[in-house]
Amino acid sequence: MDAEQLLDIQGLKLNLPDGTRLLEGVSLRLNAGEALGVVGESGSGKSLTAMSVMGLLPGLKASGSILFSGQELVNLPDKVMRKLRGARIAMIFQDPMTAFLPVRSIGAQIDEQIRLHHRVSRREARARTVQLLERMGVPDPAMAAKRYPHQLSGGLRQRAMIAMALSCTPALLIADEPTTALDVTVQAQILTLLREIREEGAGVMLITHDMGVVAQACTHVAVMYSGLVVENGPVRDVLDRPLHPYTQALLAAIPPLDGPRPERLPTISGQPPTPDNRPTGCVFAPRCSFVRSECAVRPPLTEIEEGRRVACVLYAA
Amino acid sequence: MGGDGFLRMIRALSVKKGVALAVAALGFVILASLCAPLYAQMVGVDPFSSNIAGTTTRHGQSLDLMQPNDNPLHLGLTPLGPDWSPGAYMLGSDSQGRDVASRLLYGGRSSLLIAASAAVLCLCLSGSIGICAGYFGGWVDVVLSRLLDILWAIPVYLFAISLSVVTVGHGLHLGFITLAADSFLIPIGIIALVYVPYAARPLRARVLSLSRAEFVMAARGMGASDFRILRREILPSLAPSMVVLGPLVMALCLLAESALSFLSLGVQAPAASWGTLIQDGEGLLYTRPIVAIAPGIAIVVTVLALNVLGNALRDHLDPKGTGR
Amino acid sequence: MIRSFLSRTGQMALVIFGISVLVFCIFFATPGADPTARIAGRGASPQVMARIRAEYGFDRPLPVQYVRMMEKLFVTRDLTSFVNHGQKVVPEVVSAAPVTLSLVVWAAFFWVVGSLVIGVASAVLRDSWVDRLLMVLGLIGLSMPVFWLGEVINLFTQSRWHDTWLFRWVPPLGYVPLSQSPIGWAKSLLLPSLTLSVSFMGLYARILRSELLSAMGEDSIRTARAKGAGPARVWLWHGLRLSWLSYVSLFGLDFAQLLGGGALLTEVVFALPGVGRLTYQALATLDLPLIMATVMYAAVFVVIANALVDGLYALLDPRIRDGQHGR
């Protein structure tokens, strides 16, 4: 396969101890230097997918395959996983206020991550922390490192969070709704920062429910619905010409930026199925306006043209 | 909470084996204590009068209650030891020639009665304080909270001892209230009072958050009076917290009662409680340890059962935790 | 900063004043009892009664009596125990304090170490049989009257098993000053302090366990894992750092209460001549000045300790330092 392939998730399944299936076989690919936006409603399993890559879901049974730079991550012993976590794969969380330990300074927490993976002195670690904060555009970084999370603004906190994630120059950066808790102006700055990181050669997996964020910051997009990826492809293609009925409905529900405002935005009727009453066939069938008899069998995610994959009977053969 | 809800709660709680065991133990202790006069009558000895010269019959043999000492180095007499077979003096005799088993049952009556009444009184006081401070706020809250701070700063047992010391021997004469020195109401009142800060603080916090809750706002918006809001909205929501605190406070009260009685400041003779019995047994500790150990075991079992019950209730009714 | 310090000091002074009034009222202003007779003890001569009445101003209004009493306690420190042949009360309390201090410091050491080990172990192994066993043991420890436990321990270590290798080292009941023999001091305090620490160990282990478990659900713990920290580091460094706060504030309160006389029962059972035992002996003779002195000192002590704990709290949690309310 492609040497640049950074992350290759194949048929990832995740079960609760009682057998409830949370992920139904997720398949994703991400190359170095690309940014993959993972979109879907809450409960579609996008965060669970990210957490599985991080190996942060103890107690849940994972099967399938997660290849990271050719290394299998599913059922990897925690000791080995720990070496990757923070160093090769890093993560940014939604709410930087709660994600930082409230009782220690920002700098101390970034230092900790550096010293967890590199044998450096406290002084060297701090120098690197200050450097990172500066690169993230934090004003007066030496001072900011001494502050506590609650003393910084939301935007600065998220920058510090990104600085921490980048402190060991990871190959893969997972960002779980990194801008949801932030103001719109700060959002744009953070997204620009993410784009720069990607341009420097890291792979970025951006989890969001906001198509606008995907359009701004990603090269590729994967649409998730009810524990499955239903459509996957380059961002331009998918946004211009969505194939899966769910993606089409999702994009139609966004108000247009120009032209006349529609009377009513089309909505998707019904609710996404919960894990225990998921249909055996196509998961979107109950809400789909194109539903037909073939939908009783679950369609696989198939490549229908270069780089575009979709799981729908409309495009079969 | 309706009768149906109560039944459902009992059923949910009794799923846990520990809770069922605790309820059984508590039931046993209470039942046994209630049967104290019955037992005393059955074995035919008065547990409250000294009987040093008395005898008892075991295996058809008449035995002196005060035996000559088996250790030649010790002087004096040793009370009869236990023989563990049902009948008079099954746990032996104490230094006054009284039946230990019978006194244990009577002691349980006093201990449980005092602890339970003190817990109820304490919760009533703390509930009223919590409601006044939490609901009315302002200077009422400031005054009451400061008052609680003051009570909180005096170590619990020292506070209880101070109050007991001034009432012991004289009783209490406060205006029209006159309590005799041996009245149970004195230890009940004292113990209830010293644990008020313990129970009032979490209740005040609960009332405070309740009085800001939306359903209370809604009631106020509809023009309900303070009294109606307190009775219809706050009290029913406060009840679970009180129920949770009940067994936990009673456990504390039982321990405090036994400590006070151990120091001869609680239940006054001729009445006895488990604490008094431990004190009685102190002098016989190395010769007839059962006299001091048996009431202690009764205390541990009862307090443990109350704690288990209280914790289970808390997990069930109030997962966020009231008190500690 | 200075303003908040001043306001705290003001509050503290108010609470101390309130306590002194309350204690004074309990002892000397309960209606229906003559305070002179109480101080003098049973069967005092009319001359002694007259002297006491004049000295304490019991023929003057209550506020004057209060001021006299506080002056005798804190300023001139010549409050006299009439029952006990004119012994000065304050020096007596001061000389007993080192015994209580030694006992409580040892006990605190045991209960902190014990509860940390038990609490962390049962949180890490939650819902396993080890966890359940430790928590049941903790609850049993919490349910035992300390004086009874002390007696049971005495029974075995002083009498029944004293001649076995296990307890041959146990010294007779009583206290050995540190200056006289450090080893004897440690030996004489080991069992009493363990006894005293049992209930606290149980309580603190349970609190630490539940605090730790709720801390482990926090986002910041997930971050720590995402950073690549190992389980030991996550539990002990991040988890404990979050659970400390309530533990520390509770510890300060209990420690102060014990120093102030809460260890009375343990001191009585193990015949340690500390402040608590002094109070106990005063109970037998109804030596009110002494009892009042120990209660007053205890309360003032607790108030000061409270203030210290608040300060420590602010050191541990920067959010409180900045005047924000934490979790």
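As written, the chain order gives the labels A, B and C, with residue 1 at the start of each chain.
The definition used in the following text is that contacts are C-beta pairs under 8 Å (C-beta built on N, C-alpha and C of every residue); 3 or more make two chains touch, one makes a residue touch a chain.
Note that the structure is a prediction, hence the values are computed from the model and not measured.
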Steps needed, at minimum, to go from chain A to chain B via contacts: 2
Distance-maximising chain from chain C - centres being C-alpha averages: A
Centre distance in Å when chain A and chain B are each reduced to the mean of their C-alpha atoms: 58
Centre-to-centre distance between chain C and chain A (centres being mean Cα positions), rounded to whole Å: 53
Chain B and chain C, separation of their C-alpha mean positions in angstrom: 22
Residue numbers of chain B (touch at least two other chains): none
Shared interface positions of chain A, touching two or more other chains: none
List of chain C residues in touch with chain B within their complex: 14-15, 18-19, 22-23, 26-27, 30-33, 38, 136, 139-140, 142-145, 147-149, 151-152, 154-155, 158-159, 203, 207, 210, 250, 257-258, 260-262, 264-265, 268, 279-280, 283, 286, 288, 291-292, 294-295, 298-299, 302-303, 306
Sites on chain B touched by chain C in the complex: 18, 146-147, 149-151, 153-159, 161-163, 165-166, 169-170, 172-175, 251, 255, 258-259, 262-265, 275, 278, 281-282, 285-286, 289, 292-293, 295-296, 299-300, 303-304, 307-308, 311, 321, 324
Residue ranges of chain A in contact with chain C within the complex: 54, 56, 78-79, 82-87, 90-91, 93, 95, 98-104, 112-113, 116-117, 148, 150-151, 164
In the complex, chain C residues that touch chain A: 218-220, 222-231, 233, 238, 241-242, 316-319, 322, 324, 326-327
